[in-house]
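Shared chain: chain A. Partners: chain B in the first complex, chain C in the second.
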Partner chain A sequence: MKKLIIILISLSSFSLSAQNYLTAMSDCLAQLEKAETIQEYTDLALAFERIGIAEKTKWHPYYYQAFCLLVKSFMLKDADSRDNIIDAAEGIIKKAGELGGDKGELSALQARAFQARLSVDPGTRAMQYGPKTTMLLAEARAQNPNNPRVLFLLGQNLLFTPAGFGGGKEKALPLIEQAVEKFNTAPVQDPLAPSWGREEATSLLANAKK
Partner chain B sequence: MNLGIKQAIAGLVLLGTFGVCCAQHQFASTTSINTSKPGRQESREKAGLNDLLPQLDTARSTATYERLAGSFNKLSASNRKDWLPFYYEAYCHLRLALLTADKKQVDVYCDRASAILSALEQRGDNNTEIMCLQALELSARIRVNVMDRGVAYSTLSNEILEAVIEKDPENPRAWLLRGQNIFNMPDIFGGGKAPAKPYFEAAVACFEKQKNTNLKPRWGHQMANLMLEKCQ
Partner chain C sequence: MLIYLTAAIHTLLAGQKISISGRVTDEFNEPVIGANIMIKDTYQGTTTDLDGSFILLASFSGEKKIVITYLGYEPTEKLIEAGTDSQHNTGTIKIKPSATQLEGVTITAGAFEASDEKRGTILNPLDIVTTGATADVAAALNTLPGTQKVGEEGKLFVRGGAAYETRTFIDGMVAQNPYNSSVAGVPSRGRYSPFLFSGTMFSTGGYSAEYGQALSSALVLNTHGLANKTQTDVGVTTVGLDASHQKLWKNTSLAVTGNYMDLSPYTALINQNIDWISPFRNYGAQGIYRKKISENGILKIHGDVSSTSLRLKYPNVNNPAVPNDVSMRNNYAYLNTSFKEIIKDIWTLAGGLSYNYNHDYVKFDSTYQRITDQLVQARFNASRFVGNMFKIKTGVEYFSQVYQEKVDNQQDINRNTQYQIHNYAAFTELDIVFNSRLYARIGERFEYSSYINEPTFSSRVSLAYRLNSNTQVSGSFGQFYQLPESRFLIYSPNLVNENALHYILNYQYTKNQRIFRVEGYYKDYNRLTKYDGDYRYQPQLLNNSGYGYAKGVDVYFRDRKTFKDIDYWISYSFLDTRRNFRNFHQEAVPNFASMHNVSIVYKQWIDQIDSQLGVTYSFASGRPYNDPASEQFNDKRTLSYNDLSANLSHLTELWGHSAILFISCTNILGFENIFGYRFSESPDDAGNFNRIAIEPTAKRFAFVGFFVTFEQKKNNSSQH
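This part shows the complex of A and B:
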């Protein structure tokens, strides 16, 4: 059944009409909301990739392909397979950037990739990827201070950075608060625009305040 | 716990200012001194640099850089007119700032380098090599606090390096450091391997042109080759 859906999607997207693109993406996004297993994320990554290949100039399919791969990377156990899949996701994020993707959104996704990298081996990688994530998100925030995902991830990263090195609760809390506020007030106009992070940010804020 | 950290930071700030005071004090007493036998002192000092520079070329460990910083400091005490021993001492402090595993030491080393560099600048010894070290100092300081310093300090460091490249396009270290800043920038904001590569190519080309540097700065050739390799 799933394979059939994917084939249908790939066929329909070859016709390249704007309406079909929107329908194919919306279908996949609806499935993404319900996805839970490694297999489902694998299938969805493939489906997004096919839309991307058919469309050629759209960045959203690649954004979501990378998103699915990164979620999958957190679910895998073997370190090498995790690194391989993160490699792939990073290449796709780059491609989305070349297609003119939103820099704030792609930074947030790349920050997720760094977090995934770090979590493969925190002992040896935290020193490298912690500051790298901060650098990326600080730059993203300097260019656009309104992206709630950038604010949330930056706050999350600072929560785990010692106070002496620019992190700590005092620095992190205002950022997470801002993120939650923007999640709650920012209007979602584009149906394909990324919208994840609201629940995570809200529960992180509640936990951090305790 | 919090108090402990705050005290530690206060201590570090004090240490940092202490370093600055020492270096400035040293300089205050130096500018007024006129060396009576320049010829002899100069030759003795050159012998010193001739001995130390090959050691600096191969230095890798913090212990070696610490030792060399001390040796250059002694050399500059014997001839305060020459900018080179001061320059090399500052360079050793910056290498230590980049190498140290203890991030709390980064600002301490950078403060020492900064005091020397700004004193050189004040007495008019402001050349493109010194500017390169000032840019390197800013980049090194980012290690301490990426959140508060990352964006601002990398911009400042780049501004200095752009100025050097404009003033002296043959300075290989300016190309190398500018390339490293780009290499370390997130891909999404124009950083990464591909945009950095031309800078390392320019650096390597400039290094190859400048075969005979004598006692003038020559560090960075190997690093430029290595960075270029990383970009392939």
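This part shows the complex of A and C:
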């Protein structure tokens, strides 16, 4: 009898937890779709962190926690607070990497962190973080030429880099076009896999073509 | 039975809903807002409110832990027992700052940091290029408080100290000759291009036990890491040419640079205060090698050679009709090898080897002097965190210097002297973080110098207290030793290390790209080198009976936020100093000290013309000079010094390559600046001493340069 109870418990708790994880993540991701305010991104970052801590071995929660923090960093005004939050996000991206997260996706997110860093103080940091971002994304692209986020960010970065410094519209446009194409044709896959960037890329392409 | 079983499972799995409430504070009992509260191993959680309080409705049974996480703090766990009661109060839970937060701790007393990486820094590397009009490291740092303007030298004079009291370090290694050699009346320039460095720590006092052999100031320059692209740079300026090529491989980069500088076309065109025979000319070459030796490790090799010459007619104060014929040739070589490695995220190791060679040949009419200075240095440091409270850093250092001086006037004087000194040093420094507001740094440095056979122990202590996240109050005390200048040391092994004590109090407020800081200091000098009259080469007349003090207040305000695209800062230094040293026969204000120094730096990015404009205004009150006709020593003062300099960097393109047009000019308003006077040795028949004003080499220095960067056409690794 006792044995049966234990088996029953462990069985159901196992399936329940796998089920739970997917449900909890999907729940948060649905909220992320709709999130707009600093408070919403803050709360979501904490929710993803809770899932990450409870699960211990999953990288997606950390990925999204860092993602939320970076979005938040762009919304804040104070330079020090922004830098602190980017520090935290970078630490979390590293953690997601240690848990075996997708290298391309994490590079794209790290590139986002560099962009955030740059935007805190463009006058001072553009010289350093512009090339750093390009280098990271070029590496990520070499590993996986099909990641639309990598293509989009690389294109975006080149678009905002003066032609003389290795950037410019000419180099940027084909990348963004390719990104939009890959966004549109990307197969439906793992519901937890990162999927952001499509709208941004589409509107960037429209603007850049003007 | 089955119902019972299902019920049991249900209870065990879901438990019953209980409410857990509590409050989270930091170590100072201040509420922590927005901390993440969760039931361990579940997704259930909540967030603390403005009061630090939380209420969490959760379902579980038996014992569970709650976990509290908060940015910059250690995750904290607390055991909860879901007893019969459906309400549970944890009381107040205190959380502790994490080690990463402690890593960011800097003590602001005495230190001006400039870096890309750190926040709230006072200057960034670009500032050095866009401040003043000369793109010179020393000139840019001269706009910071705590420095005195000494126009005829062009070097850093810090808080009443002479130029030799500031020591320059590159990647931790000594740079023995940071300035171009020059002759009296022609200011030096820094040898190192500001573009070499990604970080600068300029300490105006109270610096770490890691640095020795400097009485007043340590200037710590850190070069760039691995280059981030392959490119070629060419620069054409009104005073010369330079070209460099940099290549990047996977984990290695190499840059080679050649430059030629010749002031003759310029001096022919622009009216000079100096009667040049052959103006300043310089050939130089550099090589910079970088290798990433591991994830966090880097090896840096930097080599530099240069040759400089100049010749001029030096106004002869004793016989104005016959100017002196003065010429100078300098050969210089520098090799700096350093590495840094982080092992298992615990140990940080750093070290290096360097070689300095400097040869000056100076001819004054028929007298010539040759000085050869060679220094070899080796250094190794290790540091690590110990728990959350301590960081320990310890290191050893050795240098050997050989210094030779030959003087020959082709009549009665023909000296050939040299000395060699071996210097051994060791230091240990402990950073203690009592809590997230109070930190201390305690260091001890030991040095032993062979030639003079003297061991020295210097203690350094700094304390910082953070009133809130924006405000820091800090204080520092330190003992500093420095060997007498080589030109004295060579004539007497009976000299001892000169000594200074620093006492510093600092207040710094930083918020959102605005910085305000005030620093008061007192410096006590002892054992300064003295000699009688002009006879520094007579050992019996050299001694260490000199002494002095310097006290003052430095104020700095910088604002990069209020006005869009505008960045400005204001520095003010008040200095009260007197000393009795060198050939002084009484205590007096030294001639390099001015009581008031002001700098106002204004920079604006002008989008319409893709240009950055920089304007710098500098003021220094009059400096002392000694009029032999006056009964008092050094009691006369020059008129105050004023300068308004401007520079414009315009971003443009040349054949599709990025280019910068740089235009600058000093003393736009044409102030008449006089740095001091030289007097004749004896009075004329009317009993007056003839005098000659020491002036800038020209009223203005204007500079135009065009720099193009050729990048490898993108057809590279980013294509798959």
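For this structure, a couple of remarks:
As a working rule, the second predicted complex is superposed on the first by the 194 of 210 C-alpha atoms of A that agree within 3 Å, B and C clash if a C-alpha of one lies under 4 Å from a C-alpha of the other, contacts with A are read in each partner's own complex, and residues count from 1 in each chain.
Note that contacts are C-beta pairs under 8 Å (C-beta built on N, C-alpha and C of every residue); 3 or more make two chains touch, one makes a residue touch a chain.
Predicted model, so just to flag it, every value in this text is computed and none were measured.
Partners chain B and chain C, brought together by superposition on chain A, clash. Looking at the shared chain after the overlay, A:Ala186 reaches neither chain B nor chain C. Legend: residue contacts after superposition of the two complexes on their common chain; A:Ala142 is shown touching both chain B and chain C. In the superposed pair of complexes, A:Ala208 makes contact with neither chain B nor chain C.
In the superposition on chain A, A:Pro131 contacts both chain B and chain C.
Contacts of A:Ser107 after superposition: chain B is touched, whereas chain C is not reached. In the superposition on chain A, A:Leu29 contacts neither chain B nor chain C. Once the two complexes are laid over each other on the shared chain, residue contacts for A:Leu99 go to neither chain B nor chain C. Put chain B and chain C next to each other and count what each touches on chain A; the higher total goes to C.
Using the contact criterion defined above for the overlaid structures, shared-chain residue A:Gly166 touches chain B and also reaches chain C. Within chain A, the residues touching chain B in one complex and chain C in the other are 131, 134-135, 138, 142, 154, 162-166, 171.
Chain C meets chain A in the complex at residues 5, 8-9, 12-13, 34, 36, 38, 40-45, 47, 67, 69, 71-72, 75, 100, 116, 119-120, 124, 126, 198, 228-229, 469, 510-513, 560-561, 565, 567, 605, 651, 653, 656-659, 709, 711, 714, 717-718, 720. Here chain B touches chain A in the complex through residues 2, 5, 8-9, 103-104, 142-151, 184-189, going by the rule given at the top.
Of all residues in chain A, those touching chain B in their complex are 93-94, 97, 103, 106-107, 110, 131, 134-136, 138-140, 142-143, 154, 158, 161-167, 171.
Here chain A touches chain C in the complex through residues 5, 8-9, 12-13, 16, 20, 24, 42-43, 46-47, 49-51, 53-54, 77-80, 83-85, 87-88, 91, 121, 123-125, 127-128, 131-132, 134-135, 138, 141-142, 145, 154, 162-166, 171, going by the rule given at the top.
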